[in-house]
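These are the structures in question, set out in turn.
Each of the next two complexes has chain A plus one other chain: chain B in the first, chain C in the second.
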Partner chain A sequence: MNLLRHELRLLARQRLTVFALALLTCLTVAALAAGMAEVARQRAAIAAIPAAQAEDIGAVAAWIDAKKDAGSAAYYSFHPTWDAPAPLAFAALGMRDVSPYILRIRALGLEAQIWDGDTFNPELALPGRFDFAFVLVFLAPLFVIALFHDLRSGEREAGRGRMLDALPGALALWRRRTGLRLALLFAALALPFTVAAVVEGVAWGTILAVLLVVMAYLLFWIAVAALIGRLRWSSVANAASLAATWLVLVLIVPTLANVAVNAALPVNQGAEIAMAQREAVNRAWDIPREETMRRFYARHPEWADSAPLGPAFHYKWYLAFHQNGDESVAGRVRTYRAGLEQRDAAGRALGWVLPSVGVQALLTRLARTDFAAQLAYQDRIRAFHRRLRTFYYAYLFRDRPFAKADFARAPRFGDVPNG
Partner chain B sequence: MSAATLIARDELRLLRRNRVAVIATTLLVLLTLVAVATSWAHQRGIADLRMRYQQGADRAFEAQPDRHPHRVVHYGTFIFRPLGPLAAFDPGVDAFTGNSMFLEGHRQNSANFGDVRQSSLLVRFGQLTPAFVLQIVAPLLLIFLGYGALARERERGTLRLLMLQGVSRRSLVGGKLLALGAVALVAALPALIAFVAMAGQPGALALPMLVTAIGYLTYLALWTAVILLVSATVRRSRDALLALVALWAVTAVLLPRVVPDMASAAVPLRNRLQTDVAIARDLRRIGDSHNPADPHFAAFKQSVLDRYGVTRVEDLPVNYKGVVGMEGERLTSSLFARYTGESYAAQDRQIALVDAAGVLSPTIALRALSMAAAGTDFAGHRRFLDQAEAYRYALVQRLNRMQAEDVSYADDTAEDVGADRRKRVSATNWSAMPDFSFDRASGTDLARGALPGLAMVVGWLGGVLVLLALATRRLGERR
Partner chain C sequence: MTGQHAPIHLRDVTLAYGDHRVLDGLSLSIAAGSVTALLGGNGAGKSTTLSVLLGFARAEGGEVAVCGIDPAADPDGVRRRIAYLPENVALYEHLTAVENADYLLALSGQPQDRAAITEALTAAGLQERAWDQRLGGFSKGMRQKVAIAVALLREVPVLLLDEPTSGLDPRATADFNALLAQVRTRGTAVLMVTHDLLSAADVADRIGFLDGGRLTDEVVANGPDRFDLRALHARFQVGDDRRAA
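On to the complex of A and B.
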């Protein structure tokens, strides 16, 4: 214990070390604050939905009530969906800045709606977010380099290297020094994080998992520093080669891999889905309406006993061809999604050999801000959309009037179970 | 041969003998070549794909059968954003903005299917482009090669020897500057050659390319000068290296991320849901087209009747439903213009905040310059969005006018068995509609957009050169 305190005093005399640790703590705190502020903004935007929605749907209900027409209600009512941030989202914002977390949908063709995005500034999204994951993945290794590049070479250059190695407790000395530096770096990252995570109500298991990831990532970089240290180069050569390693592992290989993954796993552009769906939907106006209904009833026999169409426009035909349109591109949607999932899997697979990517993948998974979380949100939207259709069809296909009170009976997204 | 040239040659010889330096430089050149090749192939692929899709969408539009014009308003059209040749050098926001847009009546859709939502998590680590290599990687290489240029001489005592032999401080620093500058040129060369190749592409513009080339060369010269400045002022070469790497990490990696985050917190954007609800609210305030007794639409109807001197819409020489359609589109589009205008203004304010931070980080300034000259910044995307909206409005109003003039009111309101047939207009009309063609920014406009960034990078270089001159005068003094 005494020895450890002594080492700590030695460390405290190094201006570089003290400065680096203080800076890392500041950056961690700033990144956590930025992440928490962003998540708070997203929560506020979600909390603001009911008021806006009540106003919007109230106005629709007011004029539809005169006609009591379920078709107009289905056509003009937008229903909000949202993807609330998970407690850990503040630490790794992942895709939440470029994928929508609020989307309003109607009971019409879903494929024309589900790929829509929200408003964001692309120039701000381009460099990536400043969050805890960034501090850990990109910056923490630089601090490891600053603290470890001269761990042994520094003593050697000061002429104490041989003497220290000749001492009886030499191994323990290096372990003590390594452990102390590791503990300080870990504390600079982990203490602010833990406080923030507790404030945000993250489960203890998740906090522990993140702390383990932090520790493992730091250990990886310390191991790299130790490996390069064994070459017995000068401090400055150590620093240069460590920084070069960092550049390659954190910046260059991931970007190269991105090019490789996208080239190896081509996906058809999603625009094809949108265009095919629109052709299918609009064709309905040019073919006999009975054909549309036959096809719809064949897939959805539960509505087949509905009254036959008259010469006038009927919304059940309109909604039926929208659903036919969705179903005609279901195969394309599956292929597109499978392609995206393959790309995502390839990216994450790289994480097994590239710690920088692995840590990013793990953190965004724990924070539910990764691609899988986006897909899960899409699945919930699809489930909700099915409910919406069933809800309106029960009026349309049975020719029941849709009164003001019926608007309140519409399914709510909050009731859809989490995928 | 002057002393400065001799020193430069000596320094270069030393670098050539340094195996690590040679390997690092070779790797950088290779990386640049890979970046150029993949980025160019990627850009060509995208350009071809979008052109094919655009042609397909145009063909589909023209191949429509006889249709009621309002059907075509909702059939809409797809447009794809074309890329300029310089996008292969710096694709900017292209991956982050959707590249296709569905245009239809009464709605303003978002641009969808951007690469960022179609790629793995790796895309957020950055994109391997020539711009990325020169902005981020090249300075670090120069740091590795140059941190010791002066600090090493001082550390080993050779600085004093050189000065005793009568080498002036200016020629010493000048020589080192020359040597490291030559390395910087080598590092930039592959990108510059690719640049010349891109200049041969159709649509390549000389002025923005010139500004980009000057910008990048100034940026590399700036880093060369910064490296020598730190190497001249710091006592030990290890301190020089650490200080330079820290400086690089802050200006090239940290600030470009922190500043946009601060900007987006400082200027919030209204999300789509709130915008849509607000537009619907404003529309209701103007008038409710569903309500036959609504004052706005009653007055509008009266004005139309008065204009034609009739008392009933049935007596109008035009189809009143088409006329109302035009009025409705005019109202919704003016509201779209107002709300997107507000959103663009907010985004411009955010970007102005980030650009101002070019004072803190030359990398931010260079990035702004580079994207602006390539036409791949937000302004370039907005140019596409503005033209898309103008095209959408013109198309929808043409179709509404067609409904007013070519479909009779009696047919349009009839519900008998043959009515559907009578409501349709001939399919020959669809090919007469003009296709969307993107009007690219002129070279002068692109270059003008890049000027603020260029001014900042040049300002940085000037400032650092002054500091370097001051440091040179005190080089080798006892402290």
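On to the complex of A and C.
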């Protein structure tokens, strides 16, 4: 304990070390605050949904009540879906800033709605937002480099190396110094994180898992610094080599790997599916209505006993060709999803050899902000949309009038079970 | 104490770096309470001798013992019994003299209180006003005094000095030699390797001439004049000429 006090005093007198640790603490706190603010904003937006929904329905309810037309109700009413952030989401925002967490859908064709926001933003997708995961994955290694690049070479260059090595227990000295620096770096990251996680109501098991990830990642970079330190280069050479290693392992290789994975597993953009679905829907206006209905009833015989179409416009034809449009791109959707899942699996496999990628994948998995969470949200939207269609079809295909009170019977996204 | 039981004992020690033989049958024994100076030019094997004693380098042949312990087999055991002052005593510049001594003693596993440290600093000749000053502005002589104070407090039986007087002004050299005489009276075996013939003659009980990794000559202090400086210089010159040849 006495020796640790000595080492601590020695570190406390080194302005650069103190500055580096203070800066890392500040960056961690700022990242956590930014993450918490973003999650609070998303939670507030989700919390505001019921009131906004009531307002939206209220705006059309009286008009629809007068017409008693289920088709107009289906066409003009939007139904909100949302992906509530998990308690740990503040620490690793992951896909939550590149994919929507609120989507208002109608009972019309889903594919044009669900892929509408599926545009790729490379600036956000590569390093991600400034959150705890960003500080840990991208910045923390730089602080490890700052504190460890001259651990032994600095003493050599100051002329103390031989004298220290000539003392009994020299090996313990380096272990103690390594341990102390590791503890301080860990504290700069872990203490603010733990406070934020407790405030956000994260389960202790999850907090512990994140802390283990933090510790393992720091140990990896300390091991890299120790390996380069063994070459007995100068402190400047050590720092330059470590900075180059950081650049390669954290930025260049993951980016190149991402490019390679994308090239090896080509997939179309979701927006192309939306476009194809829209084109199918638009073409349907020129197709004889009977042909559209025949195709629809072949796939959905439960509605085949519906009354034949009259000469006037009927929403059941309109919704039928929307569903036909969805089904015309179903194969592309499956391929797209399979391609994305393959890319995600390749990315996760990369995490086994690239710690920066692995840590990011682990954190976003724990925070439920990864691609799997995004797909799970999409699955819930699809399940909800099926209920929505069934609900409106029961009015449209049975020619039941739709009154104001029927809006209250419409399915709610909150009732769709998770997973 | 002589021979195998002396605090410092080397017999027929050999060591080569590749094809270059650095120590070539070096034999040396230093008794407790005596100061031996090893003189020699660059590459004579002076620093390697210290490295072997500290366990930094492993002798390929011969026998090495510090207080009866083989440094290669138990380097920590040896280092507990040795205080080593490198040529440039570099301590922690952002710590004070007392803090440096406090830290180094703690590292050695022999912590001492402030009173003992200041007493040792006084004994080493460091003025009181410098005790709580950071070492940033200290001269080499002042830093050496701090390191010697640490050695005094550690009460080690062996003190190894690497070019202790190089870069010291005459007054600081005289102070250092007086300090070394004091260390000797405590029964410490002192080995200093140096280029400085005058300083060695001033303080050593025995002077060995090292050349090509072996002791080529040895002179023991005798009488009130201790050494015949002219003769010493001549022998040193012979060594230089041999190296030049």
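Assorted remarks:
Everything below uses one rule, namely that the second predicted complex is superposed on the first by the 400 of 419 C-alpha atoms of A that agree within 3 Å, B and C clash if a C-alpha of one lies under 4 Å from a C-alpha of the other, contacts with A are read in each partner's own complex, and residues count from 1 in each chain.
Rule of thumb we're sticking to: a residue touches a chain if its C-beta (ideal position, glycine included) is under 8 Å from a C-beta of that chain, and two chains touch if they have at least 3 such contacts.
Just so it is clear, the structure is predicted and the values come from calculations on it, not from any experiment.
Shared-chain residue A:162: touches chain C; no touch with chain B.
By the touch criterion defined above, A:239 lies against chain B but remains apart from chain C after alignment on the C-alpha atoms of chain A. Once the two complexes are overlaid on the shared chain, A:49 sits against chain B while remaining clear of chain C. Between chain B and chain C, it is B that contacts the larger number of residues in chain A. In the overlay built on the shared chain, the residue A:99 is in contact with chain B alone; chain C does not reach it. Contact with chain B, but none with chain C, is seen for A:267 once the two complexes are overlaid on the shared chain.
In the overlay built on the shared chain, the residue A:405 is in contact with neither chain B nor chain C.
No residue of chain A contacts both chain B in one complex and chain C in the other. Looking at the complex, you find that chain C touches chain A at residues 54, 56, 76-77, 79-80, 82, 84-86, 88-92, 94-95, 99, 102-104, 106-109, 111, 147, 160. Put simply, chain A touches chain B in their complex at residues 16, 27, 30, 34, 37-38, 41, 45, 48-49, 52-53, 55-56, 59, 63, 78, 80, 94-95, 98-100, 102, 104, 112, 115-130, 134, 138-139, 142, 145-146, 150, 235-237, 239-241, 243-244, 247, 250-252, 254-259, 261-263, 267, 269-272, 274-275, 278-279, 282, 285-286, 311-313, 340, 343-348, 350, 356-357, 360-361, 364, 370-371, 374. The touching residues of chain B, when paired with chain A in their complex, are 20, 24, 31, 34, 38, 42, 49, 53, 56-57, 60, 64-65, 67-68, 71, 74-76, 78, 80, 92-93, 96-100, 102, 109-128, 132, 136-137, 140, 144, 147-148, 237-238, 241-242, 245-246, 249, 253-254, 256-258, 260-265, 268-277, 280-281, 284, 288, 290-291, 343, 347, 350-351, 354, 371, 377-378, 381, 415-417, 419. Those residues of chain A that touch chain C in the complex are listed here as 2-3, 6, 9-10, 13-14, 158-160, 162-170, 173.
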